[in-house]
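Written below as structure tokens is the structure these notes are about.
Order of writing sets the chain letters: A, B, C, D, E and F. Residues in each chain are counted from 1.
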Amino acid sequence: MQSRAPHGSLFGQEGLDAILMGSAFATCAVLMHGDGVYQLIRDQRSSGTSTRDYSVSYGALGDYGVETVFCVQEDLTERRLVVDDLVIPVTVIDRAAVASLLNDYNTILDF
Amino acid sequence: MQSRAPHGSLFGQEGLDAILMGSAFATCAVLMHGDGVYQLIRDQRSSGTSTRDYSVSYGALGDYGVETVFCVQEDLTERRLVVDDLVIPVTVIDRAAVASLLNDYNTILDF
Amino acid sequence: MRFAITVHGGPYTSQSSHSALNFAKAVLHEGHDLYRVFFYHDGVYNGSEIMAPPQDEIDLYGEWRQLALDHELDLVVCIASALRRGVINPTEAERYEKSAANLGKPFTISGLGQLIDAALSADRLVTFRV
Amino acid sequence: MRFAITVHGGPYTSQSSHSALNFAKAVLHEGHDLYRVFFYHDGVYNGSEIMAPPQDEIDLYGEWRQLALDHELDLVVCIASALRRGVINPTEAERYEKSAANLGKPFTISGLGQLIDAALSADRLVTFRV
Amino acid sequence: MILHTVNKPPSHAALSDCLAVMASDDLMLLIEDGVYCLHEVSGDSRVHVLTPDLEARGLWDRLPAELTAVDYAGFVGLCTRVDKIKTWA
Amino acid sequence: MILHTVNKPPSHAALSDCLAVMASDDLMLLIEDGVYCLHEVSGDSRVHVLTPDLEARGLWDRLPAELTAVDYAGFVGLCTRVDKIKTWA
């Protein structure tokens, strides 16, 4: 579960590394929660900040066997984002559905 | 200007160190802003967390020549605090008065 | 029951190291197993043996070290997190031609697979975040 | 005009180091003086010469080092912040009986008075926070 | 059944994010700076508070009656009562 | 006259804390994750936005017309126009 904006801190980038590693050993899904959805915005160009643009690596999740990337509709709306703004296809759920999603998995890795 | 809660991070403790050092060289005042007011709550006992209780060091500010410790009334009210809850006497100002306070000093050190 | 712990915060900077240490002691005191403590993000700084905290503050590296020796704990710093932050053992110091190494025993450097293994092998994974 | 910069964030972990470096370059490029860069809190980790970031990422220590050499900058890490976080030079390593030192040149270790001096001596102090 | 830990004061999104997705039989534990949230969750019997963090912040005498104080052993005990732990920060 | 920098997204208190104390002739610069606040301050001509941070976050084409984009040289220039800098984080 990713909850931080990219570039400002390394949590998103190191969180994605953990997701990619986890998918090699178990069935994984990713929930981009709250500010975490910012990580998926298209056309990030970080040459001017000297940080790494790792958003393209989300495109590789499918190859790693990650089933689904979830976003919360309310998180998108509050941030004036729509699914077409994002670098990969996502499954949009209502905030009310997050509780049951968390129940569907054995372990939660938080970043 | 202190803006973080104590114990959870080291910003408050290291910020106070900077205030004490600064008072040796220049006229200083301290504004405990937002969550920063939590640093002044009485009777902090940190033996169970293994963090340092530095709140008592605020009592030494007067000896170091720090003129005034300011708190914002709205910050206190939102946190259900009154001046009697605090470890030192403070000067309470309205949020509307912060702008002119910032203008009264040459440099602002933020923590 | 078998526990695993992940620590994300740097020592002293964030309370997460203190909390994780106190939680680890309670896990062991309550008679549970502690499968591994995995240090990720700034948590890897906990493994530096060259920290010199003030005498009246807790020695976090020393506390982790003693707890691990007393209970044969597996303390692992993530290699990717550690390399970029300058927490390295003599092997990595030589490989990357660095002037010194600072990772203290019994901390070891390993990959993210150790985090996934801990998450899958333990009954409960508890993360201490910044 | 004379600038001073304070950095609170750890390298890579927080963007504040990247931002401070880019800002410092712009200050110099625009023809201003840069009186001092003072590293406080986790900012002191910027002075570690044993960081080994991935090859395709910026080498923050190396960039600070080169900028300081090119422009005779004063890069100071706060001694109190640095000691507790394990960023030390050979003198401190000996004093505290530590196995290694990791502070790279031209970074120096000094007291908080250097921050106050920078705040008073510079026309503008800019802080890069976490 | 999930144990949710919250370690940030009410000025951060952590508490409201947590409350928005917490199930009725889930448990919450306020730790670190999360203990400043105690007024915001008064009356919610799902909520526990870590005593050492409460004492460190001078809030020991402010605990609302409906909340349960636990020490680190109690924190471990809460973990054994649930299936997994979700952290909000 | 003060330059206020904000480096956190709207989910944090930094922006609202800043707006609450900003004088009418002060300036604001959104940097780092602060650039996500651009919708919240649209129409406020005191506000500047750091271009490299905007580009890094994929927001370059979303800048409201009333806001001014500046590069790092422009950031330095803003510092010379004010008496001091206040940072919100």
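Annotations for the structure displayed:
Just so we're on the same page, a contact is a pair of C-beta atoms (placed from the backbone, for glycine too) under 8 Å apart; a residue touches a chain by one contact, two chains touch by 3 or more.
Every value quoted in this text rests on a predicted model; they were computed, and no experiment measured them.
The minimal number of chain-to-chain contact steps leading from chain A to chain C is 1. Taking shared numbers over all numbers used, the chain C to chain D interface scores over half, which places it in the same class.
Contact count check for B-E and D-F (C-beta pairs in contact): higher for B-E.
Look at where the CA atoms of chain B average out and do the same for chain C: the two points lie 33 Å apart.
The distance from the centre of chain C to the centre of chain F, with each centre set as the mean of the Cα atoms, comes to 38 Å. The mean-CA centres of chain A and chain F are about 26 angstrom from one another, to the nearest whole unit.
Annotation for chain A: residues 7-8, 10, 34, 48-49, 51, 107, 110 touch two or more other chains. The set of chain C residues that touch two or more partner chains comprises 12-13, 15, 19, 22, 41, 57, 80, 125, 127, 129.
Annotation for chain E: residues 7, 11, 13, 32-33, 52, 71, 84-85, 87, 89 touch two or more other chains. Counting only pairs that meet the touch rule, the chains in contact are A-C, A-D, A-E, A-F, B-C, B-D, B-E, B-F, C-D, C-E, D-F, E-F.
Partner chain D is touched in their complex by these residues of chain F: 7, 31-33, 52, 71-73, 75-77, 79-80, 84-85, 87, 89. Across the interface of their complex, chain E is touched by residues 11-13 of chain F. By the touch rule above, chain C contacts chain E in their complex via residues 1, 3, 15-16, 19, 22-23, 25-27, 29-30, 32, 124-130.
Looking at the complex, you find that chain F touches chain B at residues 2, 13, 17, 20-23, 26, 83-87, 89. Note for the complex: chain A touches chain D at residues 7-10, 48-52.
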